[in-house]
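Next, two complexes with chain A in common: one pairs it with chain B, the other with chain C.
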Partner chain A sequence: MTVLTQSQTSAAPQAPAPRRRKPLGTRAYKVFRVVALVAVVLFLIAPLFWMLLASFKTNVDIYDTAKSFIFTPTGENYANVLQRNNYFIFIFNSFWVAFVSTALSLVLGVPAAYAMSRFTMGRSALVVLMARVIPGVSLLVPWYYVFSNLKMVGGFEVLILSHMFVALPLIVYIMMSYFDSLPLELEESAQVDGLTPIGAFRRITLPLSVSGIATAGILSFIFSWNNFMFALVLSGSKTKTLPVAIFDFVSYASIDWGGLMAAATVVTIPIMIIALFTQKYIVSGLTAGATKG
Partner chain B sequence: MSVLNTSRGDTRRGAGRGAARPPVPRKSFSAWANRHRKWLFAAPAMIFVGVLIVFPLAWTLYLSLTDSQGSVRAATEFIGLENYVTVLSDVERFWPAVGRTLSFTGVALACEVVLGMGIALLLWRPFRGEKWVRVAILLPLVATPVAVGMMWRLIFDPNIGFVNQLLGMIGIPPQPWLSGQDTALGTTIFMDIWQWTPMVVLILLAGLTSLSEEPDEAARMDGANAFQRFFFITLPLMMPTVIVAILLRGIDALKTFDILYATKGKGGGSFHEVETLNVYAYGLSFDYNQYGLSSAVLILFFMIIIGTMWLLTMRKKAVSK
Partner chain C sequence: MKRRSIVKYAAVAAALSLGLTACGSGGGDAKAAGTVRVTLANHVWTEGIKAAIPEFEKATGLKVELTQLGEDQLSDQYNVKLNAGSDEIDVMMYRPLQEGKAFAKNGYLADLTSKVSADANWDWKDYQEGPVKASTVDGKVVGVPIITEREVLYYRKDLLQAAGVQVPKTMDELEAAAKKIAAANPDTAGFVARTAKSAAVTQFSSFLYSFGGDFTDADGKSAVGSDAAKKAYSFYGGLIKNYGPKNVSTDMSWPEAMAIFTQGKAAFYTEADSLYKNATDPAKSKVADKVGFAALPAGPAGSKPYNIPSWGLAVNNASGNQDNAWKFIQWATSKDRTLAAQKAGVPGPRASVWADPAGTSTYPKDLAEAIATSAKNGVGHDRPQVITVGKAREIVGEPIVASITGADASSAADSANEAFQKFLDSEKK
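This part shows the complex of A and B:
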């Protein structure tokens, strides 16, 4: 803001808070900022709100543009989706696959990240992290071949393994930057006091890393819940996850919009609720390693 | 990302091992475990990655040199680089897909970084209601991409969609959006921007809050206005973070699959309007069972990703100096 002059700002009181708490000069800027923020929030929320509205409309109301906002809400879409299409099974499948793949990836990934952080295993880390770059399709053909020969396609094991392919590198990446920031002195003094290195890791480092592990775990759960491509190829009728179930919704001749929106809401709501309660962790996980070299 | 990490922590080399030798452990297994904990810790994950990733990748490389098709179990013949020749001379599907992949990624990234920087600057200094704005930013980010695709399908529907309804109110004729041959790719780019700008915002905001105040303060004292301070102080200091954001987002944008497949289905629509390399390779593999060809496409795609990453990492090194 060009109008912001030196005298104005130097007169502003210095707040002691660590983040900048200086009022930003002009009234024009303040108004602009409020308007811009409202616009941003509307832009981000409105489509989700629209989806929610449509999920409570009958298909007749969805086709009637006069009833965009004023209509008689109906729960029929949800009843249809949940009962007739057995979404409870898909919800369970999604949850189970995400939960197990996250848990196993944490068991494998946390110690690995620790070793890679403490012993500077740059090249090994590179191999694990490569997985984040590889297009998933290039792994699917060989997987499909091997697992269909083993008669495992359509089982939970394959899905869980494939989701670990996403989860493990993510967890290693987040935990490495977490361990890098954890002071070494604590472990050293624990070892001076008589703990073995593994003991120090178990009794000192791990308890200190709970928030890092939570971060990695939550993000990996979300990514697994949202994963579509692997489940599309590797899941069977009994192990179908929610994203694939929604996709199947539209392969019929005409789209049942109300049901589709109800299904889409059913998938997104659980993950959004988790996100609301774990906001802090998600943000720190997504930005892990972004601000340092 | 991987490339970012290789140099990290060099200063710690050996510190963990040398600083404090453990008191001689009694049990020999625990002594052995402690001595070899580096590999004991890392090996399970490395083996997992080796079996599930390196081996399939090697297989894909092998398949790309054969005429494998129909069924992976069918007998295949080694045909050298023929698949690559076929793919690289394919101007109907392959090259347009390369073009779409690059323009999708380029346009989406550019918009996301500019918008993301703007929003991050808006959020930089605290304000009342900040909490709610942050929640709003998080929601698109965690929403299931397939569900998001379906949501936009309804909103952009040419007949009943809310967007055309809105345009109608200000007298603009309805647009075909996703069903138009020329507008489909742009519409999917818009969806990507909606979903992933928040990610860029979060990364840039983390960068902004970690900036030291002095340079900005000094420029202020020297009478620089807000624009000057942003373009000559904040932006140059933020460049490494901006490039990290581009790197992280770019890799995922190149590989975008879910929203494209959810909105346009097989082959990226009947005219392949949104067929990017990933969608093309998926179709070749699982709709047409052309494993040899699809593997060649994937290897080329992989090289494009690695190349882009390498360029960005070089750029980051240059900027960080």
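This part shows the complex of A and C:
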């Protein structure tokens, strides 16, 4: 902090009024940028870092403030999570539900969004938005009632369907604004060259929308991966997903913090890797949607 | 061209949905006659039962389908599933004092009155009075208690010895000892206990009873504004405020308070006895070999800790499989199973198991003694006995926090009294 204030005071007289327009090059700005970035990153990383550290500690050490950073690491928590609690099954369950619900939502949602965008179907769009606005919790009881009468509770189908209920409107909305931003002329000229409207959609519009589809798909995947509420009620012992399984480390008279943190790390890492590799799509896809009024 | 594209997309969609159905495990087909669907909370008790289930399956020819969840998740699930009239749960582990009354009023719990008295060998009369009372709603037995709890005093033998104080027998002695130890050890608190509004209510209750109060009086009216209650509030809060950890948070439930004690940062700690392994297990506690136990110190009205069933088993009223469900409960709560669970560190509700030397063989000797005393003079509830327990706890817990933060406990108790009376009136409607 002292570095910041010093350089601010020294830089201030050197920056007369007309030069303020391009402060990007001043030293004060550079220092400020570094400090701000470090502060924000520290703030955001700290809980994750704590989680990672705690996952290598014993339960006694976790509470010991003297051993916050210096401790003897143990792999016991991970062995516990992956071997004894068999987390691979839960990882597969989570992955399968997220993957299928996202894929199906994309197959249904992208053409729907295209239709709504090109043929100005305002009311349909509103209905889809309604589904987005209704809190999922309020649907749980009726869903449970319906699905249990259909004898579907505990299977993958019901989890996938329930996740699609949230994923589909999300995808439709992102894709609608994305399609809105694509120039209509491209399709028109494609049709002049002899493509059918669907052909133009498939050969021209879709390839141009890859980053939008990636954004929508990733956001929907992340939602599904993290969803706890639907899985809690609608999953069975064989289809339990990761967020529900994490609670196995919390029991009435004892909490296994080390195991809990190791499990949380196991849940977080796959989604972080996916997000890391696809972030450029997310950013460009989000702005593509956002700039359109 | 146009048609071909459509066909292609349709084929992709069909293939995906096919894959989807093929991979579904078909969770709903468990209604086969010989299956009992059991939902249990994460607990040491559950681990023991889980390991023993093959015995039950072999003896009865029934198949057990077990779902296991954390306590709050379990509660959420019951509220959704039972509300929808689900018959997919046969046996349910539940908290008699937290949700028993609400579940019974909603008709979720089957009436077990005739079943519990039918089998003399299984012996319903063997159950302690407090837990039985808590499992009975409007004269009907709706649950069988499996795990019981009493509030006891955890203390640090080494610190008491160094300060030259005896194990306190009365509340005044407790305060004096806490004061002396806190003064002699600047880094160590004299006393610690739960401080969060709702979580502290159960552990405060024993103080309330020992000072001669209760949450409601004999007519069912709010009594948290009585003189006894005011004294209890200011005593409990005062102990933490004056001799508790520095900058104490008013958000501590048992994991936080227990952590302070097990890190060696407090001399006295009042908590449920069922948590004792957290303090005596070297893998969780730095002071495992220095922990002593004693019955709750006596207040003006004597030593009156709660003695309650924290968990029980019940049968879902909508289940079409109630006889098999009862068979499971009967097996899981038999004398043998109760003894096995108790040896694993889960205090049970059966008097005969407590009387059996084997029943206390794995407990620290002073803890076994403290439990025996507490079971005798214990009170059968540790929170207001109402339908919406969660809300009631928030109301009656307010003065605890006020007292810890140094606000006027007496006026906080008065306003809590008023709010609680309003709450009771609204529940009667």
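Here is the rule we go by: the second predicted complex is superposed on the first by the 248 of 293 C-alpha atoms of A that agree within 3 Å, B and C clash if a C-alpha of one lies under 4 Å from a C-alpha of the other, contacts with A are read in each partner's own complex, and residues count from 1 in each chain.
Heads up, the rule we're going with is that contacts are C-beta pairs under 8 Å (C-beta built on N, C-alpha and C of every residue); 3 or more make two chains touch, one makes a residue touch a chain.
Computed from a predicted structure; not experimentally measured.
> Do chain B and chain C fit side by side on chain A in the superposed arrangement, or is it a clash?
Aligned on chain A, chain C clashes with chain B.
> Tell me which partner A:Val141 touches in the superposition: chain B (first), chain C (second), both or neither.
In the superposition, A:Val141 contacts both chain B and chain C.
> Using the touch definition from the top, say if A:Thr239 reaches chain B (first), chain C (second), both or neither.
Touch partner of A:Thr239: chain C, not chain B.
> After the superposition on A, what does A:Phe71 contact: first (chain B), second (chain C), both or neither?
neither
> Check the residue A:Glu187 against both partner chains and state whether it touches chain B (first), chain C (second), both, or neither.
Touch status of A:Glu187: first partner only.
> When the two structures are overlaid on chain A, which partner does A:Phe95 contact: first (chain B), second (chain C), both, or neither?
After superposition on chain A, A:Phe95 lies in contact with neither partner.
> Can A:Ala131 be said to touch chain B (first), chain C (second), both, or neither?
Once the two structures are laid over each other on A, A:Ala131 reaches chain B alone.
> Touching A:Gly155 in the superposition: chain B (first), chain C (second), both, neither?
After superposing on A, A:Gly155 lies in contact with chain C but is clear of chain B.
> In the superposed arrangement, what residues of chain A touch both chain B and chain C?
63, 108, 111, 140-142, 144-145, 196, 198, 232-233, 247, 250
> For chain A, which residues are in contact with chain B within the complex?
1-2, 4-6, 9-10, 17, 19-22, 24, 33, 36-37, 40-41, 43-45, 47-48, 50-51, 54, 62-63, 65, 68, 108-109, 111-112, 114-145, 149, 161, 164-165, 168-169, 172-173, 176, 180, 184, 187-189, 191-192, 194-198, 201, 222, 225-226, 228-229, 232-233, 242-243, 246-247, 249-250, 257, 260-261, 263-265, 267-268, 271-272, 274-276, 279, 282-283, 286-287, 289-293
> Where on chain B is chain A touching in the complex?
1-10, 12-13, 15-17, 19-23, 25, 30, 33-34, 37-42, 44-46, 48-50, 52-57, 59-60, 63, 72-73, 118-119, 122-127, 132-148, 150-155, 159-160, 162, 165, 194, 198-199, 202-203, 205-207, 209-210, 213, 220-221, 223, 225-227, 240-241, 244-245, 248, 251, 255, 257-258, 261-262, 265, 277-278, 281-282, 285-286, 291, 294-295, 298-299, 301-302, 305-306, 309, 320
> Given the complex with chain A, which residues does chain C contribute to the contact?
Where chain C meets chain A, its residues are 1-2, 5-6, 9, 12-13, 16-17, 19-21, 23-31, 41-44, 46, 65-71, 73, 76-77, 80-81, 83-86, 88, 255, 259, 262-263, 272, 274-275, 277-278, 282-286, 310-311.
> Could you please specify the touching residues of chain A with respect to chain C in the complex?
Listed in rising order, the residues are 58-60, 63-64, 96, 100, 103-104, 107-108, 111, 140-142, 144-145, 148, 150-158, 160, 196, 198-199, 202, 232-233, 236-239, 244, 247-248, 250-255.
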